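I've put the structures underneath this note.
The two complexes that follow have subunit A in common; it is paired with subunit B in the first and with subunit C in the second.
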Partner chain A sequence: MTIELKGRIDSNNAARVEAEILQKLAGAEDQALTLDAAGLEYISSAGLRVILRLKKSHPELRILNVSSEVYEILDMTGFTEMMTVEKAYRVISIEGCEEIGRGANGKLYRIDQDNVVKVYKNADALEDIRHEREMAKMALILGIPTAISYDVVKVGESYGSVFELLNARSFAKILAREPEKLDWCVQEFVNMLKKIHGTRVPAGKLPDMRETAIGWARFMQDYLPEEAGKKLLSLMEAVPHDDHMIHGDYHTKNLELQNDEVLLIDMDTLAVGHPIFELGSMYNSFKGFSELHHEVFEKFQGYSFEIGAAFWHKALAAYLGTNCEAKIREVEDKARVVGYTRLIRRSIRRYGLDDPGCRAEIELWKKELLELLARTDTLLFSLNELELEAVTENLPELQAFVEERLEAADCPMKARMQISLAVEEIFVNIAHYAYAPEKGMATVRVEISEDPVTVTITFLDHGVPFDPLAKADPDLSLDAEERKIGGLGIFLTRQIMDDVAYAYKNGQNILTLKKKLG
Partner chain B sequence: MQITKKQNASSLVIGLEGRLDTTTAPELEQALKESLDGVSELTLDFENLEYISSAGLRVLLSARKQMNRQGSMKLVHVGEMIREVFEVTGFVDILTIE
Partner chain C sequence: MDIPQKIDLHMHSSVSDGSDSPAQLLAAVRSAGLGLFALTDHDAVKGCAALRELLEPGDPLFLPGVEFSCRDGEGKYHILGYGYDPQSPAILGLVEISHGLRLKKVHARLAFLEREFGFVFPEEERRRLLARDNPGKPHIGNLMVKLGYAESKEQAIREFINKLSLPDDFIRPEQAITGILAAGGVPVLAHPSYGDGDQLILGEEMDSRLRRLMGFGLQGLEAFYSGFTAKLTRELLELAGRYGLYVTAGSDYHGKNKLISLGDTGLEDASRGPEGLLRFFAEVRERL
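And now, the complex of A and B:
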């Protein structure tokens, strides 16, 4: 039975209100009592005592549609912990509002100059909203720029969460209107991606993408030839656990430019895991989903499939820190294994195998997946870039990182030693001078290009502008007593490498070393 | 890096094994500081040394300066990579290499 509460309930009328309620309850068989507080403006302690007595006789008592003012009273007095109390949600309309984003769980609309609302697909979305809010809060604390909702509203039959997003435009919109900004968008998109993947998440806070992906592979066992199914499962299982963050639905509608700041939104798919799982879902967003029907992409993102494909290729190259087509293709193929697995499972679960529209897509994805499985031995890949604090204690870590890449490129022993020496000299120089007396970060990139095989090592730091090459060479003709102690490292580096160049750009010192092998 | 010392009256042989770089050079500097008193003949055995950077060169230079005042210093069993670093930096002319 539902009983409405209206106006004020205080010591003047509490007894009368209680009598009225008991009268209505008399003879009612239904023990479940709901108080609809939509019209309740105020309740004093006399009124609260009435509710307490009702709670005794009706333990399942619920109070719904509580205004913010009354909710505060119920919260302060501990009533919200004793019984179910639900707030009344502000009702808003999205009629005529611009759709500015779209994610896995809902759509984003701008409701006024400063605010947007995310309307959830799921009618019973309160739990989803709470979840996403928790995710966004955690990401923000861990250093990811994002927006956090400050209110929950009713939009028709659905729920929505309201965010402050001032003058923001999604990257999809920028690309649709100003395609000449493609390269800038790629750079910012990749910077954010690296930031996400460089963020460690405390254990147990986010779902593990590896387990999810193993689940997909298990599902696929019934739909792939036995050998291929086994291989897919073993590939997923061989990806090691990784406690770095992944977004899970990273595409150009989920990145917003607010004034000069780039914000990541749609945080409900956050997880931890190896970046290959992210690249798999990114491949789907840019290409996989719309592989057969390119217009699907344009409808979703608002710019052409061709621009999307170019964006994906450039972003992957920048993310991997390489222009080597073979390397980009190699990592893309690994991403496709993850991507197709996810797509096929999703389509089968949503539409079944018999839907003729989906069948053609599933067949295409399956054919590609089988072809990839036949020639893929691992889903792992390595990045060519390391960001670390510029302190000499980190030298062994950097040396190991560089060595590993040189070894993979079959770099001869002698050149390895020489490159190792140059890396030490430059890194120690940055550690000593770039940020002194403070500390700061340095980024080291190792690239290997063909014809002739050349190793390029780039050092980037945000320290004081300093060109180490401007220094005069040490005088080698002096004897031991006269020789100065400094200046040797840079001199050695120049002698050993084929090319050493310095530039100061965008607030960064950029030192590039090149060495031809063989 | 491993450092071994063999002392015979005023002659000292220091053997180095591994990498003489920014991280390990202070260890050699400390070992020399502790043991050069009264030494007139210093031998550095580089047989098992794989790598040297400018941090190592600096320690060798200051050891050379000190030994110029109290006796002599020489390097033995210098490998190819390290010899090349000495050549490039002109250290071949400063150090006595056997």
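And now, the complex of A and C:
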């Protein structure tokens, strides 16, 4: 039951207002009570007492459409912490506004040059808005560039949160207008993805995607043959807990380029978990959703399904740090297991199995899923790239990482030992000299390509530019003198590997070692 | 003797503006399961004497109380007094002054209503009204309804009685506090965040108000009150701790005249403190 409060409630009329409310409540004592304060101009302590008494008889009491002045009084006196008090919101219209983004829970519109509003689907979205704000704040604190809303508004029957987003363009829009920027977009897209996945989240702050995914797998038990259902569940359960962040709805409409900065938006789906869960939802965004009807993708992202598919493929390759098709395909298949599970469950829950259109889609996904389940034994995968601090203490970690990849490629023992030696020489060299006397990070990428099987190991660091392959450097300083001793390591490395190349690009030393196997 | 779990140190009987006679109030206190209670009529102590006569063995502990309406240049205050000597001229004098001011106002109001609107109040009714312990606007309003001058008490007050604004005919807070102290009682500021009627006192204002009243001898704060949120109570407990003030808990029960239940103070279990309340109990224990 909703009762309107009007004008002033003070000692002159508090008793009368209370009596009137009680009269309206007579016979409806059990109903949840909502006070609509849109017309309430002022409330004194006499009025506050009335509200408190109503709260005692109606514990679910809510007060809506409270003006800023009244809200301040309710806040100072602690009413906002003991009951739901919702402010009256500025009303805005999105008629004629350009849709610039779309997420799981709402759509993003540009309302003017500097501001955008995210309009939530859920009519009762205030909790969602609060949640997303919390998420965005936390992400920002953890180092993820994002936008934080500064106002909540009413848009028709829905709520919206307003952000400042100056001159920003989504990656989807860039791709639609300037397809030649595809490679640049992929690179930035992957950089952000790695940043997200490299962010550790304190325990309990975000939902655990693993649990959510196990929930999907449980749901699927009724819709899959018993064997396949069991396998799906055991695959999900075998994914270990991971306290790194995942975005949960990562696609090109949720990445904005503002001036030169890339911002991640739509933070309400943040979670923690193994990156395979992210890749699953990314697969859906780029391909899964529109697998039967490709035009769905274009409607969603504003560029063609084909460009989307190419983007996904390149992004996955860059993310994995490989251009080995087999490896990319292998991880994509794992992502599809997660993706299809989610899609099927979503469609069944939203539309049921009766709708023939949905049925065709579900059948397609299910066929693919069953086929994948028959040949998938784990959802785990590893990246071919390791970023670590360039200090000699980290050498064992690096060597284990390289070993693991060589082993997976059936690299012969002798070559493994040789490569391991080369890795040690180069890494120790970087650790000693690249950032001295400071410390810095190094990235090591291990790629294995076929025909003939070739191992490529790339070392990247942001230290002082130095080409270890230059035989003699006329400007040798003392540091460089010492580097000469390391020259023996380089000599060994050149002996061991088939090809060693150096480049300095984008402020990075890039040293590439190649060795053909067998 | 330890303080009982359920206590309520602020309630009104029909001697002031509550609906329950002292006997009815005692019955209500018994059935509410209170272990300790105080009757705090406005500007009146008669109810406490009556109540004490009614007490039987096994009844909840009873602490005599009173609530004085006060005013000075800084605002309005309700000052509670507990555990005073009921025979003390100091307390009786305060009651007398307050009652006298009240009667003066009733006279003035009736004269105004007769003069301004031509209402006639029969002598018999007038005498009955003035013979009440605590006559005020609501009683005049009720009488006007009875005589057919208004539809409701509220309408009578709004449209007729309130047209006359009277000067500050209240005792001053220092009068109340010194009087209660002189009678051997403990002066406590009632519902401190709500001065009176519409006042809302918080933060800095509360702090300076308290320090001023403490200068007069104020000893306690009603930090637990039916009309307070947890936040207001927290703020008051913090102040009480800072200044070493006693803490009390009261509902402001008025019987059927207000929607407040007995024992509704926001304090679940008095035996677990706060410390200021335990000290208060130790102070008044001998006067129960």
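What we mean here is this: the second predicted complex is superposed on the first by the 416 of 518 C-alpha atoms of A that agree within 3 Å, B and C clash if a C-alpha of one lies under 4 Å from a C-alpha of the other, contacts with A are read in each partner's own complex, and residues count from 1 in each chain.
Operating definition for what follows: a contact is a pair of C-beta atoms (placed from the backbone, for glycine too) under 8 Å apart; a residue touches a chain by one contact, two chains touch by 3 or more.
Small disclaimer: the values here were computed from a predicted structure and weren't measured.
K.L.:
Figure out whether A:Lys56 sits in contact with subunit B (first) or subunit C (second), or with both, or with neither.
P.N.:
second
K.L.:
Looking at the overlay, does A:Arg16 come into contact with subunit B only (first), subunit C only (second), both, or neither?
P.N.:
The second partner, subunit C, only.
K.L.:
Which partner does A:Phe79 contact after superposing on A: first (subunit B), second (subunit C), both, neither?
P.N.:
It touches subunit C, and subunit B stays clear.
K.L.:
Figure out whether A:Gly96 sits in contact with subunit B (first) or subunit C (second), or with both, or with neither.
P.N.:
Touch partners of A:Gly96: none, neither subunit B nor subunit C.
K.L.:
With both complexes superposed on chain A, which partner does A:Ser44 reach: first (subunit B), second (subunit C), both or neither?
P.N.:
second
K.L.:
According to the stated criteria, A:Pro437 is in contact with first (subunit B), second (subunit C), both, or neither; which is it?
P.N.:
Neither partner.
K.L.:
According to the stated criteria, A:Pro356 is in contact with first (subunit B), second (subunit C), both, or neither; which is it?
P.N.:
neither
K.L.:
Would you please give the residues of subunit A that touch subunit B in one complex and also touch subunit C in the other complex?
P.N.:
none
K.L.:
Help me check something: in the complex, which residues belonging to subunit A touch subunit C?
P.N.:
10-13, 15-16, 18, 22, 44-46, 48-49, 52-53, 56-57, 73, 76-79, 81-82
K.L.:
Touching subunit A in the complex: which residues of subunit C?
P.N.:
154, 158, 162, 193-195, 197-200, 202, 226-232, 234, 259-261, 264
K.L.:
If we count contacts the way the header does, which residues on subunit B are in touch with subunit A in the complex?
P.N.:
Subunit B residues touching subunit A: 21-23, 50-51, 53-55, 57-58, 61-62, 64-65, 68, 80-81, 85, 88-90, 93-95.
K.L.:
In their shared complex, at which residues does subunit A touch subunit B?
P.N.:
It comes out as residues 392-393, 395-396, 414, 417-418, 420-421, 424-425, 428, 474, 476-477, 479-481, 483, 485, 488-489, 491-492, 495-496.
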